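Just below sit the structures, each encoded as structure tokens.
Look for chain A in each of the two complexes below; its partner is chain B in the first and chain C in the second.
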Partner chain A sequence: MKKNNLLKNSGVQSLIASLICIIIGLFVGYIALLIINAEGAGKAIVTLIKNFLYYPSKPAQLKYLGNTLVKTAPLLMCALSVLFANKAGLFNIGAAGQYVVGAGACLYLALALKMPWWVCLLGAIVAGALLGALSGLLKTAFNVNEVISCIMFNWISLYCVNMLLANVKESTSPYTLPLKANNASALLPDLGLGAFFTKNNYVTIAIPLAVITAVAIWVLLEKTKLGYELKATGNNKNAAKYAGMKENRNIILTMAIAGALAGMAAALLYLTGYEQWSTSQSSVPGMGFNGIAAAFLGGLNPIGAIFSSYFIQHITAGGAYVDKTMYCAQVSDFICALIIYLCGFVLFMKTAMNRSITKREEKAAAKNKEGGNA
Partner chain B sequence: MENYAVEMLHITKRFPGIIANDDITIQLRKGEIHALLGENGAGKSTLMSVLFGLYQPEEGEIHVEGKKVDIRNPNDANDLGIGMVHQHFKLVECFSVLDNIILGVEPVKGAFLDKDQARGKVEELSKRYGLQVDLDAKIEDITVGMQQRTEILKMLYRDNDILIFDEPTAVLTPQEISELMQIMHNLAAEGKSILFISHKLAEIMEVADRCSVLRKGKYIGTVETKDVTPADLSRMMVGRDVKAKVDKEDAKPTEVVLDVKGMSVASKRHKKNAVNNVSFQVRRGEIVCIAGIDGNGQTELVYGLSGLEPLSAGTISMCGKDITKLPIRKRSIMGMSHIPEDRHKHGLVLDYSLEDNIVLQRYFEPEFTSPLGFLKRKNIRAYAERLIEQFDVRSGQGPITITRAMSGGNQQKAIIAREIDKKPELLIAVQPTRGLDVGAIEYIHKQLVEQRDAGKGVLLVSLELDEVMNVSDRILVIFEGEIVGEFDPKKVTVEELGLYMAGAKREGKA
Partner chain C sequence: MLLLIQYTLIFASVLMLVALGGCFSEHSGVINIGLEGIMVMGALGGALMMRYLPEGTSAFVMIVMVVLAALIAGALYSLLLAVAAVNFNADQTIIGTAMNMLGTAAATVIVKALNTAADPNNVSSTIQYVEQKKAFYVNIGGFEFSWFVLIAAVALIASHVILYKTRFGLRLCACGEHPQAADSVGINVYKMRYAGVVISGILGGLGGIVYITSGVSEWKFENGVAGFGFLALAVMIFGQWKPLNIALAALLFGMMRALSNVYVAFDFLQNLNLPGAVYNMLPYIISLVVLIFTSKKSRAPKAEGIPYDKGSR
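Moving on, here comes the complex of A and B:
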């Protein structure tokens, strides 16, 4: 009986469902590798899971763990963006575009206007928030579905940012100027954190900042009046309206906060100097979309998202070490995509689990009754 | 060995956490009208769904014409000659009556419809059973009574011999009800066997030969209606004596709390106003009831009053202040409480806990939210516990029960607790007893009268004539969005009200 109670707990269910999805994802990935090239499949999947453990020396392991964490921070922020909007009943597929304008704003402030890091960070947050709010505004004022407007904004933002950042790119490449050489004050401070990861300079306050934000979002959703209103709107917008909540204001506010989180995601990556923006890219960066998978894999819980984001980044980074002589370069992305795709089945798994539990209970109840009659 | 059209023997159907039908046996004789009586939630609908193949029972068997049958879906039921008129009609609004009747069993000549043949058969049936319909009218243009006759013709056209009527009178006027009774007698006289689901005693006494009673999923018994009184049936249904009348003294209305002048609300479904130029007042210390048949503008009237929809014309004032343009929250703070028509759509956030739903109208007050915007969980819990205790709201886990898991009656009690404890000046209650059992109805009526006696204005919108006659101090009849009459419940008969509700009569406008 106690076991069933535990299984009925929503948090435990999310955790189990997520783990099952991960296992199925890895298994399907393994089968795909077998089909492509049977010989190296076992080794490749192990490499994927091992990620930084691929290196034999401890310092190297720590350094590359650092790299994985550097990219986990923005993914976590994107996941938070998606799940926050989801709580209010909105699907923020525009996290990708808000991430792009965040990148554009922080890099332009850093490279063209030589601003310090905190101004760049704020700029990215504001840019993302404005774009998010715009989608919210279109929904409330003209009843434009946020998914449609977000997808279009994703592309509009990409090309606008490409144009804007072309002003601060290296003359010989499509990449933006390196931060360290041009405006070191725009680099996020590391507060000595890098030292724990074998002098990995990319490890900065971005990582703790993302985790703190996750906790803050959890507090906002669970403990505040605003969270109460947003979740009520998401669950039943008619009841929210009946209770006198300002539905339109809440939709715009939700999208603005979601956008701010995604915009901040970009700043937490690009202000570490880990990556430079390519002004010739013609597809929207996948970070925002992966945020959707991370949000669902984390059971739409901000704390769960911390772990799911890490996991997704972990296997994505691991993919880079897969033997390129046996598999083409894209295979790691392919396998990761498969696993991420299957992560989307978390909710489905949860429903299936619930159904089997109720069925078992029903049977038990029927049995008890028969026993009683006998 | 008696000759039964249908026998349902020892049927048991379980749902998670509840036994909806517990060893129920019902035997329907050929050519009889057999009533199935029970409160809401007694298991009547489940039992009929089992007969109609929508649910499979865990135990028990069904015999039709003495042979054991296995009904897996509604098509099986139809093949066995079982037809059903659902409480909510299953008609295609923009099709004609004839098209609806033949839908699914269309007669064809080659690749083309042969409507003439169908028309002949339907006309013959309609004459034989006295079912007046206009075959070429569209469903959306005809009265509810005619829609119901269309449903009955649908069953007859399919040569069904076993007819199930699921609460057929709920949507009809008194005149239409007596017509329906006559039709049912005609059908039984022609050898059709009828199962008639109802919780209205008077109808059962009038039309049924026998009556089987269910209570809380259990079979209580079957009686010949000529051997019993309505009080006997009521006792079987509820398990105790029920007061039919609400105890209350005469109203002592004082100053006006709600004043509506020339109010119109646009309709979402058609171009006309759903509420058209309506004026009335509600005073402190009286219960004013808006009576009418479903869909005559009551919903929109309340939306306009509560602020869910804007007015297209007119003004509303409450306690002497113009509130026509005020948002919902302001009206609520000024003392308007609203028990909504649809508790799942508007009244509750079903996935919220009971305590979160109890503060739904007050969560923003300083008692429940700190100046920094954090919820004061302790105060919310304490407040919820007080209301749960005071209003006897029952649930599995108290304040933290997810509202979805609660019974309809207790969900409604939670809403009523929330709206009454707000200390309103004006209480708008829309069908507050819909879908509730007799015990809960009694309780809610008592609450409404208490509010009245405490000097509040109460506006009750109801479709149940019994409720209208019992609870109100003043009756306004609404028909097609207009107030067509005002009555004193002590001086008017149900039949008289029915004529106004159906639009057959109206008072000359002053």
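Moving on, here comes the complex of A and C:
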């Protein structure tokens, strides 16, 4: 009986559903690896799951754990962006584009205008928020579906940012100038965190900042009036309007906050100096799209997103270690994509779980009744 | 100028094929955001067929086999959406997004595995088809006419006839407008939705192979199809879900896209001295502006994106 009650809890159900997605995803991935090359498949999938544990020494493990965390922070922010919009009934596929403008803003402020890190961070947040708000405005004022407008903005922002950052690129390569040599004040402070990860200079306040933001978003959604209104608008737009909530304002505000989160994501990555922007890239960076994966895998819960984004980044980073003579690093992208595909079935799994619980309860109730009569 | 017309025709064919695909899927009531992924898969099927057909295959056989491979690959891949959306009531937007990511990732993994197997030093995700590609083009006095343009034109006429003049097409539209009503008169909504999605897979896959053989003679699958599937969605909306309007929209967007390839050939455009990226952006900007003006009175199928539930009313 007690076990049943636990299973009824929607949080527990989400967790189980996510685990099922991960297991099936890894299993199908394993089969694909078997087809490509039967010999190394088992080893490759273990490598993916092990990631930094691939290194034998502890300091090296810590260092590469640090690297994984560095990329988890922006992924978590993108996931938050997607799930926040989702709570208000909007699908923010534009997280990718908002991430791109965030990257453009922070790198331009850092490299061309030589601003300190907090100005760059704010710049990225504002740029993302503006782009997000624009999608929201188009939806409320002109009834343009946010999915379509976001997709268009993804590409427009990519080309714009490429043009903008071409002003601050290295003369011989398509990459932007390294932050450390050109404006070290734009690097996020690390407050001694890097030393813990075997002098990994890329580990900065970005990581705690992302986790704090996740908690803040949880509080905003669950404990404030604004969060309640946003969720109400998402559940039933007309009912929310009838209850006196300003649905148009709420839609624009939601998209602005979602955009701000995605813009901040870019700053948390590019201001660590871990990556340089390539001004010749012709496809929108995958970070925003992976955020969709992390958001849904985390059961659309900000706290769940912390774990799911770590998991996704963990296996993505693990892809770098697979035996290159047999497989390519993209096997991890392939497995991630499989997992998101499976996340589409979460609703079905939950319904199935609830149905089986109700059935069992009915049976138990019928039994009790019989026992009472006799 | 000739080059501009040539590219416009070929890009318009791609957009038209894929947008018509989207149109069938949406008329049956399923939103197909995964067109981009379907294009990649179709392109992969066609490219592999080109690679493995023996040298000296006649042009006709080549065209038939490649087209078949592309449309079968697209149709099979679209089943992923059909199963999820029709049988499992899954969220169509997530499934579509996942299919886009999966398409590019799977194609990259497959091509890299094949390339590495053929030559251990080759870790690229590129397939070349310089010789094979010639089968698809006929040179008429300096103008390279592609057989694909003809195929696209046939697909357009067929789509118009099927959607508006046949029992199947009208039933398909009924399932996208009011599935409960369609069900009440004995139409199997589930079957119709499967049909709609698979047709979109066929047309999307075909669009994919046309796209990767336009202008270039090798394709790097890591890049997917660079947003063309999404552009096709915009074409579909601009065309208000009607085949003939979609054709006109595709011509307009195709010309915009062609301009970014050949603007260097026009003196007055070069004198403007705009960076190439501006031309790349143009189709997207124009589609946004168009959407702003047309979305208020959208003619989208009413039940699109909503899983069919027999019990609801």
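In this text, the second predicted complex is superposed on the first by the 342 of 374 C-alpha atoms of A that agree within 3 Å, B and C clash if a C-alpha of one lies under 4 Å from a C-alpha of the other, contacts with A are read in each partner's own complex, and residues count from 1 in each chain.
One rule holds for everything that comes next: contacts are C-beta pairs under 8 Å (C-beta built on N, C-alpha and C of every residue); 3 or more make two chains touch, one makes a residue touch a chain.
Owing to the predicted nature of the structure, the values given are computational and were not obtained by experimental measurement.
Counting residues of chain A touched by each partner, chain B versus chain C, the larger count belongs to C. In the superposition on chain A, A:Ala243 makes contact with chain B only, not with chain C.
Judged by the touch definition given at the top, the superposed model places A:Lys223 against chain B, while chain C stays out of reach. When the two complexes are overlaid on their common chain A, residue A:Ile303 makes contact with neither chain B nor chain C.
In the superposed model, A:Leu193 lies in contact with neither chain B nor chain C.
Of the two partner chains placed around the shared chain by superposition, chain C is the only one that A:Cys328 touches, whereas chain B remains out of contact.
Once chain A of one complex is fitted onto chain A of the other, the partner contacts of A:Asn145 are limited to chain C, with no touch recorded for chain B. When the two structures are aligned on the shared chain, A:Met353 is found in touch with neither chain B nor chain C. Residues 223-226, 228, 231-232, 235-236, 238-246, 358, 361-362, 365-366 of chain A touch chain B in their complex.
Against chain A, the residues of chain B that register as touching in their complex are 14, 16, 58, 306, 308, 327-332, 338, 340, 345-352, 356, 360-361, 363-364, 369, 373-375, 377.
Here chain A touches chain C in the complex through residues 32, 36-37, 91, 93, 138, 142-145, 147-149, 151-156, 159-160, 162-163, 282-284, 286, 289, 292-293, 296, 324-328, 330-331, 333-334, 336-338, 340-341, 343-345, 347-348, going by the rule given at the top.
Listing the residues of chain C that touch chain A in their complex gives 33, 80, 84, 88-91, 93-95, 97-102, 104-106, 108-109, 112-113, 116, 120, 123, 125, 222-224, 226-227, 230, 233-234, 237, 275, 277-278, 280-281, 284-285, 287-288, 291-293, 295-296, 298.
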